[in-house]
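To keep things clear, I will list the structure first and then write my remarks on it.
First chain written, first letter: the chains are A, B, C and D, and each begins at residue 1.
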Amino acid sequence: MNKGLKVAVIGGGSSYTPELIEGFIIRAKELPVDDIYLVDIEEGKEKLSIVGELAKRMFFKAGLKTRVHMTLDRKEAIEDADFVITQIRVGGLEARARDERIPLRYNVIGQETTGPGGFAKAIRTIPVILDICRDIEELSPDAWLINFTNPAGIITEAVLRYTNVKTIGLCNVPIGMVNNVAKILNVDSKRVRIEFVGLNHMVYGKEIYLDGKNITSTVLKKLSDSALINMNNIPDLNWDKDFIYSLGMLPCPYHRYFYMTDEILEEEIKAFQSGEGTRAQQVMKIEKDLFEKYKNPSLDEKPKELEKRGGAYYSDAAVSLISAIYNDKEEIHTVNVRNNGAISNLPDDVVVEINSVISKTGAKPIAFGKLPIKINGLIQQVKSYELLTVKAGVTGDYYTALMALIANPLVPSVKIAKKILNDILVQNRDYLPQFK
Amino acid sequence: MNKGLKVAVIGGGSSYTPELIEGFIIRAKELPVDDIYLVDIEEGKEKLSIVGELAKRMFFKAGLKTRVHMTLDRKEAIEDADFVITQIRVGGLEARARDERIPLRYNVIGQETTGPGGFAKAIRTIPVILDICRDIEELSPDAWLINFTNPAGIITEAVLRYTNVKTIGLCNVPIGMVNNVAKILNVDSKRVRIEFVGLNHMVYGKEIYLDGKNITSTVLKKLSDSALINMNNIPDLNWDKDFIYSLGMLPCPYHRYFYMTDEILEEEIKAFQSGEGTRAQQVMKIEKDLFEKYKNPSLDEKPKELEKRGGAYYSDAAVSLISAIYNDKEEIHTVNVRNNGAISNLPDDVVVEINSVISKTGAKPIAFGKLPIKINGLIQQVKSYELLTVKAGVTGDYYTALMALIANPLVPSVKIAKKILNDILVQNRDYLPQFK
Amino acid sequence: MNKGLKVAVIGGGSSYTPELIEGFIIRAKELPVDDIYLVDIEEGKEKLSIVGELAKRMFFKAGLKTRVHMTLDRKEAIEDADFVITQIRVGGLEARARDERIPLRYNVIGQETTGPGGFAKAIRTIPVILDICRDIEELSPDAWLINFTNPAGIITEAVLRYTNVKTIGLCNVPIGMVNNVAKILNVDSKRVRIEFVGLNHMVYGKEIYLDGKNITSTVLKKLSDSALINMNNIPDLNWDKDFIYSLGMLPCPYHRYFYMTDEILEEEIKAFQSGEGTRAQQVMKIEKDLFEKYKNPSLDEKPKELEKRGGAYYSDAAVSLISAIYNDKEEIHTVNVRNNGAISNLPDDVVVEINSVISKTGAKPIAFGKLPIKINGLIQQVKSYELLTVKAGVTGDYYTALMALIANPLVPSVKIAKKILNDILVQNRDYLPQFK
Amino acid sequence: MNKGLKVAVIGGGSSYTPELIEGFIIRAKELPVDDIYLVDIEEGKEKLSIVGELAKRMFFKAGLKTRVHMTLDRKEAIEDADFVITQIRVGGLEARARDERIPLRYNVIGQETTGPGGFAKAIRTIPVILDICRDIEELSPDAWLINFTNPAGIITEAVLRYTNVKTIGLCNVPIGMVNNVAKILNVDSKRVRIEFVGLNHMVYGKEIYLDGKNITSTVLKKLSDSALINMNNIPDLNWDKDFIYSLGMLPCPYHRYFYMTDEILEEEIKAFQSGEGTRAQQVMKIEKDLFEKYKNPSLDEKPKELEKRGGAYYSDAAVSLISAIYNDKEEIHTVNVRNNGAISNLPDDVVVEINSVISKTGAKPIAFGKLPIKINGLIQQVKSYELLTVKAGVTGDYYTALMALIANPLVPSVKIAKKILNDILVQNRDYLPQFK
């Protein structure tokens, strides 16, 4: 690759795009990008234009010649691309709001990536992502698909099972955990390493190292003494001290939904009733403000406000991953990848989130051995849910969809699973062509 | 074995014993028993005497010379026994009542074998069963331990992991399911066969055969058209039609606790508030009536009322199992046994409930292959819970006990797990020497 | 099945057929056969006629109304059959003679089922057996295929991998070992049970029981004190005492080829040079004599001489297997069947030879757990060879065929593998349409 | 570790030591070594002194202050060491000569690391290495044991199974293969990467990359066109073209013993009869010359001649491994390490040779997935042999030793295995205290 790269960003009109652009600017020396294609759909045209113009100003300010293209023609963007990044949100924030509201109606956690909300998002997204993959198979079969789109584990599972596209699924949770541990310890995050193992939004930090020294118990002690490890989009609830001690490893912020279900649910209901709305409604406001800012023709850098979103660090994670591939770095990143025996009590062919060696040949997971019994049950349960969801998303089979929801640990019974499923199918009718 | 057998029944004063005696009487020709030792503890002395005398009258009426011994000396009973049967209830029905009440206080299902109630029963029982096993290792190392004591899967797991005793765990759920399918189809139960797979009280009928013909879908159709498959001790709630169709196999009655959690809980709370009491309280009444009957010196057979208990068919299952071993029958029974690869996505060394070939060498599971994804999650989750419970029951470690309860799918959160655990530990203090 | 059965015997003109007929006659009460179709190819027409007439006389003598049909039309025989038995020999005894001679030319064991000879037989047979399976799929999809054709493990593997036919592979080695142990112990063979595990012609008797009592060490002691366990077609060589003690289980007669390679080879070379010829040549003489006998119109039973063949007990094994299926017996037979986890360190989807429960639903292997290290290496090696052979037999790919031979433990080097392969391909050209 | 390191070299009087010293000198900046302890036994005293003095001169020339200690007191060397390197040869070159000669007597390949020679070396070495490990457990429990001693896979397996010492097994074969591929391609070896998988001296290059581009087929083509990939100690025989094409991956030089057994044997016999002697005898001459050179007080660098030995690159491999650990590099090295699921059809707990991530926490294998069938058989067979050898080496059980040799693919029969074993036991009596 002696000429510069072509990068296609599907969902280019996203409010996160400036982060991504900043990531490319920061790494411009090691990662020469000639062309960035921001693609969006008709409904996103205006946002695309706002974000695209900002991106241009950012590159200009940085003195880079990277060309920014805005287009509604996905094929044009994908053709001969070296990297395709997907950050789409099928149905937009309105759909997210519904994903959060439907479960709440039945006293079930409403969240956009785990629980029934994540299920709805998954089955809406799978047909679209598979369509994108058909384009890649046809127009740029050697391209790497870097998938941000949530639920990232399920989407990556679908792509690996049903297409030939080379893909890596990415999430900002692991990098966020590293940064938070560094903050707790008051050290530079480069000195911290965590042995991650699990699934997307269900990842555990099995061991934690500072300068190569195992400091897991120190961190857990601090954590149980109330140092929070959290993300902006999850209620701030402290972990129970005895739980942390029993677990003996670092849970991820999303684990709160599974281990603190009742408390989180209470918070959600409170927020909803107080008029604060679901997270989606809050985000709509933030987005609106952001785009107002983006429009300002004198803005030529990423505004600070963007970091308040749950997706912080994504850009860093994504562009550094792309650079590790492009530069054949053999660097360790935590990504969603085919298991291949790395977790030896999960099948070889399922997607896991795990520390992996990144090089030009992609991501190879580092062998972990067996999951400890303490976490094996939950991970197996959630993986079964994910596999059923992928199957439901691809086939549009009602009964598989029902079993998927039943298998989700946040769904309390068959009766409620059925009610939620029926609501999801009705309210997302336009986005679920596979369910006839 | 040219002379008759010696059988020791630990917990011999149980109200179920007359069933067992009947089982031995029915099979007297193929299974020559010289001596039955009914063992109980000091507190059960009176019941032991009542049941023992009834047993004597039953054998006498049948014209058999089997000697019935009543003793409080366990070692005497175990010495040189050919079979040791355990049907103990550590803490008696009072403990059971507590097991059922504690979770209900936190809006969690209170049941004596699944959920936190089963957990409490398990950690009370494990030290006692291991003590019994020490006696067997010393006094009759070749004896077979036939374990009825609930939670049978967990207890068998403990025995297999921590002793050298040859054991088979037995439950009446599979035989009950066969009988119920036969009833639904209005055929003799000998013509029905079910391919069972799973764990104790978590077993599925994967395929159902009538005279060797696969009739699974017929049975499921009838089932979803409201034919009930249930046991006397579980609320009568119909399965959801779409769920049965989605599952594509026969759930066991206990699955209601997992798939119909909310409805079962509602029933339990209603029953409790109506003054009907928990199941334990109802059983206490039934027991009282039964023992009144047993006392009648003219009674010389098993009274019909006994069949109303949840434990119906146990005697048949147990004595026919013993006969299959003694007569080296190579007959198929559904038992709790070391997996050995039979379910190929569970470890070799865990206990599963599965169709097995019974002969003088014990029980060998029939290979099943991988669990379908539909049921893999729940089974893995419950197996993890069981393994943690065994470890907690043996070590008395608080943190392991907490992780066990957290891993139980009926426990909704860490917070509630902790409250329930603390209540269990306090209220069972006298029975938990391992928890200091 | 209220009417009698239709059985198709592919390769019906075989000299073994009278054994099979005898088997059906002996079990006539439990296994009502209306029609037996003996099928053969043009070249076997005369033999077919001789054997068919003998079969008719045998049924007549037994007072049975079973109709014997002789036909060259395979489809007619297979249509609506309940059982299809394959006992074909593609290329006849001439091909077998070549299979035995080619390896010998390079100082490699020449044997018709193991080593390069078995490989040649396998790749000749696979296209024919798959053709037969296409017919079954079309004309009698519910029929059971009982495969005798050697190498039975490989052929069964091919059928299971590449067709939808319900099949069980059968070999007389396990039953022969049971009978021989009974002979050594001077007891009725019904009292002896062996826990078999391994592959076809590579099966070990892990434990041996007499009336349910483990007598493995007694038998091994006798064996190492020179009691032979062998078959008529394998040189009579005593096992080394220390080897038997080290192994701690019962090897099968064919294991001599692998553990006593040098001595067997020496015997073969001696026999060959002495003019005694290879085994095929000896068999040709025996066959000629047998058919002379069969022609005798006054002969109406199986002649004793047939028992001298290596295939003794096949009829008993085969018909009793068919009866176990038909009568839904849940009886234990040692057969070639999909592993399904039974041997937990082999993949689920490979064929193994193992004790299995036989019923109307076919053969289900009894879970064994992990292969002991002592035998794991050889079994894994041979299974790899078998899988490569199946692939080579189906695809006709030269390189896969070469890797198959290289993987065979009887082939000493790549150089010799290549020479042998080239000879096999040239000399079997007419039977290998898949190798272009 | 703010002060410099202490390194203990067991077998410090080896002729390879100057390479190791050179390795430390080259990396002095990143790897500050204060003290190197060269340990040897009484018989090696003179060599130790010669090598030690040379080492001192080498460090002096390099301007480094590293102190070189020569000692016969192993405990002194091990106490508080950061790294312990073992490069011992129990029984010296005389024992090696016997290892090579014994098998040859029976027409079996005589080689010091594979086949019966490697077996003899293993059982001589295991008791000594376990003794060393006891010292480490006591005197420097946090030290890393870097094991060079052959057969490195077996020795590492023994250490991991029977001690608590943190160990990594190292071999120069993978690095040699990388260098040779680079030579064939005429490129810098840093641009070449190979995905290695297998066992020690049984490792395959599954994929080969140049600058991240897969060039496996190019290299295989060149290889089959006669470019040799070999080591100094293995006869120079070309691979068969069709074999390379069939295999589709890069065999290691030692694979010749398994795939070209007859040709190698012929070469060995020829060499032996020609008076050239076994490899050990040739090495004795080379060693003698080397030590003459080392004695020269004006020599202060590693002599070129050392590179002619089979062990070339070891120093580079070893010191760069130590540096990767010390500097927590997360660099990829090919080492012998606990499998942990990396090869998903081998058990988690066996040692494999595989690309691994090296950091302060040691070596973590990169997940590979299942071994291709083509190589699975041989690898499983050799791993079974290795496990039996470890057990025999630890227990001194004759029967386990016999099964180990029988399981070795280079041993043609039980009969020969027994003869060779008996010779080995007699001729190594002084070094086999565990065999009584």
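Some notes on this structure:
Assume contacts are C-beta pairs under 8 Å (C-beta built on N, C-alpha and C of every residue); 3 or more make two chains touch, one makes a residue touch a chain.
Since the structure is predicted, the reported quantities are computational estimates derived from the model, not experimental observations.
Inter-chain centre distance (chain B to chain D, centres taken as mean C-alpha positions): 56 Å. Averaged C-alpha coordinates give centres for chain A and chain B that are 45 Å from one another.
Touching two or more other chains at once is no residue of chain D. In terms of which chains touch, the assembly is arranged as a closed ring, every chain touching its two neighbours and no others.
Chains touching one another form the pairs A-B, A-D, B-C, C-D. Chain B meets chain A in the complex at residues 240, 242-243, 245-247, 259-263, 345, 347, 373-374, 376-378, 380-385, 387-388, 398-400, 402-403, 406-407, 409, 412-416, 418. Listed in rising order, the residues of chain C touching chain B in the complex are 193, 207, 209, 211-214, 328, 330-332, 339-344, 348, 357, 359-361, 364-370.
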